[in-house]
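A, B and C label the chains in the order they appear, each numbered from 1.
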Amino acid sequence: MDSITKKPFPRALLVLDILAAVSLAVALWMALVYAPRELVMGDVQRVFYFHVASAWTGMLGYLLAVITSIAFLRTGKMNLDVASLAGIEIGLVFTALCVISGSIWARPIWNTWWTWDPRLTTAFIMELIYAAYLLLRRGVEDPAQRARLSAVYAIIGFITVPLTFLSIRIFRTIHPVIFGGEASVGSSNFVMSSQMLQAFLFSLFAFTLLFAAFYWHRLRLGLRQQQIEAIELQRRQDEEEE
Amino acid sequence: MTYFATIMLVFRKDLLAERRSREILSSMLVFALLSVIIFIFSFELLADLQKAAFAGTLWVSLCFAGTLGLTRSFSLERENNALAGMMLSPVDRSAIYFGKVLANWVFMLVLSVILVPVEGFFFNLNPFQWATLGIILLGTLGYALCGTFLAGITGRLRNRELYLPILLFPVIIPLLLAAIRATSAALNGGAAGEIGTWLLLMSGYDILFVAVGLLLFEAVIADA
Amino acid sequence: MNITSTVIDARGICKAYGPRKVLRGLDFCAYDHETVAIMGVNGAGKTTLLNILATLLAADTGRCTYFGIPLKNHEIEIRRRLGLVSHQTFLYSELTAEENLLFYAGLYGLLGREQLAAQTLELVDLKKQRNQIVRTLSRGMQQRLSIGRALLHDPQILFLDEPYTGLDQAMTGRMRALLKQLAESGKTIIMSSHSFQEVSAFGTRALFLHKGVIVDSVDLAGMDEDELAQRYRTVVQMGAQG
């Protein structure tokens, strides 16, 4: 049981942390300085680089969570439960960033805080679904049961998302929403120069590294928590039996 | 006992239990009617606006009131752990799910049958169209499928009445949106194509949850 | 000497509730014509073991074979021949005694349900309460009905978890006589108990469950209550030291 305290901090994780921090700094510079100013929308367009990147990492988190949930239901290994929780927690944070940045972008351009864009709206609903996931976990005491029920819910939440997106898309097609005086679908269309593309791709890369770093840290934390819980309970059980 | 026969057995048992106690349908009905009234008060009393609000009011009220029936569906099983009795028996566990879905579907339909005319009365419009019938059948079925499944998940929690709506509503949004828009289109003379698209979406949703129930319900009720 | 066959063969049963280990690699055997009593302190895992053997609960690891058939992939045909009486009645409060029995008869695919239900009600002396709602029956009556429920499908193995709770002296005697009859006709009865008197008078074999494993198996022929109690104390004390 001393293995918990004695385990050294993995070198690879340290490297990853540094890499992630550095690439985030570079991505910031590229988005704010290197990339040219967009003609129509102005500087606020720069939000786009991080908006899409955070959407991507959010989805990555949720996707990982669903895969590990399915794996958990098949194998029953509690590590996978930690992996699912980590994916969802991180997914929630990045999706929130996505929704907020989307809103910031929309305001000056379409003169509204919310555009009912199908992708953004679906992202918001996903936030709600996975916030409910966290609440569900809080309501179940037995760890094995908690893992099983939340795995099932994670899967259900995820598979309804395409339908949610589709339904909002159809809704918007039939009922186009008018913003700022001109009919638009509230989504963004602009032509990317090569520098912009570079900034965009690098943002994706930086955010993915960031995600990996967070995920790894969260996994370690979660597994440690499990171990501690096990030790405590074993200790308590031994005391009872004396 | 064959799969289908098991479903019918569980279905009839749930109906019988409800007929005996009569708790749930009456509370669902009162809740739904109250929702309708409150919605009506919250809108401007202009004729045009009201007509547009009919569909939304109907489906949201059904959704809210429906959670009562869903919770009850499993509290019935928890009382003396009757669910364990079913799990001990030589039946396929997804059949238990479908039997309960059918019972909850019937309760939702009964609710709709009363709510639709009453709402039509308050909104002063005639809701009776063939399309509306199809929408209500598919919509309430989808609600029963998704809701029964999630009620199975929350049924073992302490604050189950609290958790079911939180888990259910984000996940039922596509169904809800489709049902509301289809009903609205049906009542305001929308194109058949539009209604058809929504009905297709609702069918897709229903089929999805049939598959979910078949595959995952066992995991939900294991370790009763 | 009776030719007996093994009806249950369970090996390496482990069950943990989260980090709390209840059963730790337990082996269990049962034969026909016998009444096995599982004894142990509260919290020793008697109910957990019974539930696992009755297939209500899944063990984390281990293999179970019933009548020579492995449990995995044959759950349905094995469940047909098992019955469980617990301190929970598994009854529907809103239905009548008869309706409950008819429902369970249906679940087990039995023919001639009405007649079977009537016979069972007679067996547990509830004929007069046939059309009474279960909620209005006394605790003792509900327990009797639950026993009837478990016997409806004429199970080969009957599991009893503290089955006499709520029964008065007379009814307990009657149930005991009934169970004795069932055992003599070739059925297997497996029950949990912490009454030495009960077990020595009624059982053919006693198993001591301590710290998640079976520490002793005692042939009860010719053993009286005090001898059994003494044996138990010795074995458990040795187990604590070992």
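Here is the rule we go by: contacts are C-beta pairs under 8 Å (C-beta built on N, C-alpha and C of every residue); 3 or more make two chains touch, one makes a residue touch a chain.
Fair warning: this is a prediction, and the values are worked out from it, not measured in the lab.
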item	value
Graph class of chain-chain contacts, one of line, ring, star, complete, other	complete
Pair of chains joined by more contacts [C-beta pairs], A-C or A-B	A-B
Far-end chain from subunit B, centres as C-alpha averages	C
Most centrally placed chain, judged by C-alpha centres	B
Mean-CA-position distance for subunit C and subunit B (Å)	39
Approximate Å spacing (C-alpha centroids) for the pair subunit A, subunit B	31
Distance from subunit C to subunit A - Cα centre to Cα centre, in angstrom	50
Residues of subunit B engaged with two or more neighbouring chains	222-223
Junction residues of subunit A - those touching two or more other chains	144
Interfacial residue positions of subunit A with respect to subunit B in the complex	73, 125, 128-129, 132, 135-136, 139-140, 144-145, 148-149, 151-153, 155-157, 159-160, 163-164, 166-168, 170-171, 174
Subunit A partner contacts - residues on subunit C that touch it in the complex	16-21, 43, 60, 211
Sites on subunit B touched by subunit A in the complex	149-150, 153-154, 156-159, 163, 166-167, 169-171, 173-175, 177-178, 181, 194, 197-198, 201, 204-205, 208, 212, 216, 219-220, 222-223
Of all residues in subunit A, those that touch subunit C in their complex	76, 142-144, 226, 229-234, 237, 240-241
Touching residues (chain side subunit B, partner subunit C) in the complex	1, 5-6, 9, 13, 16-17, 20-21, 76, 79-82, 84-92, 222-224
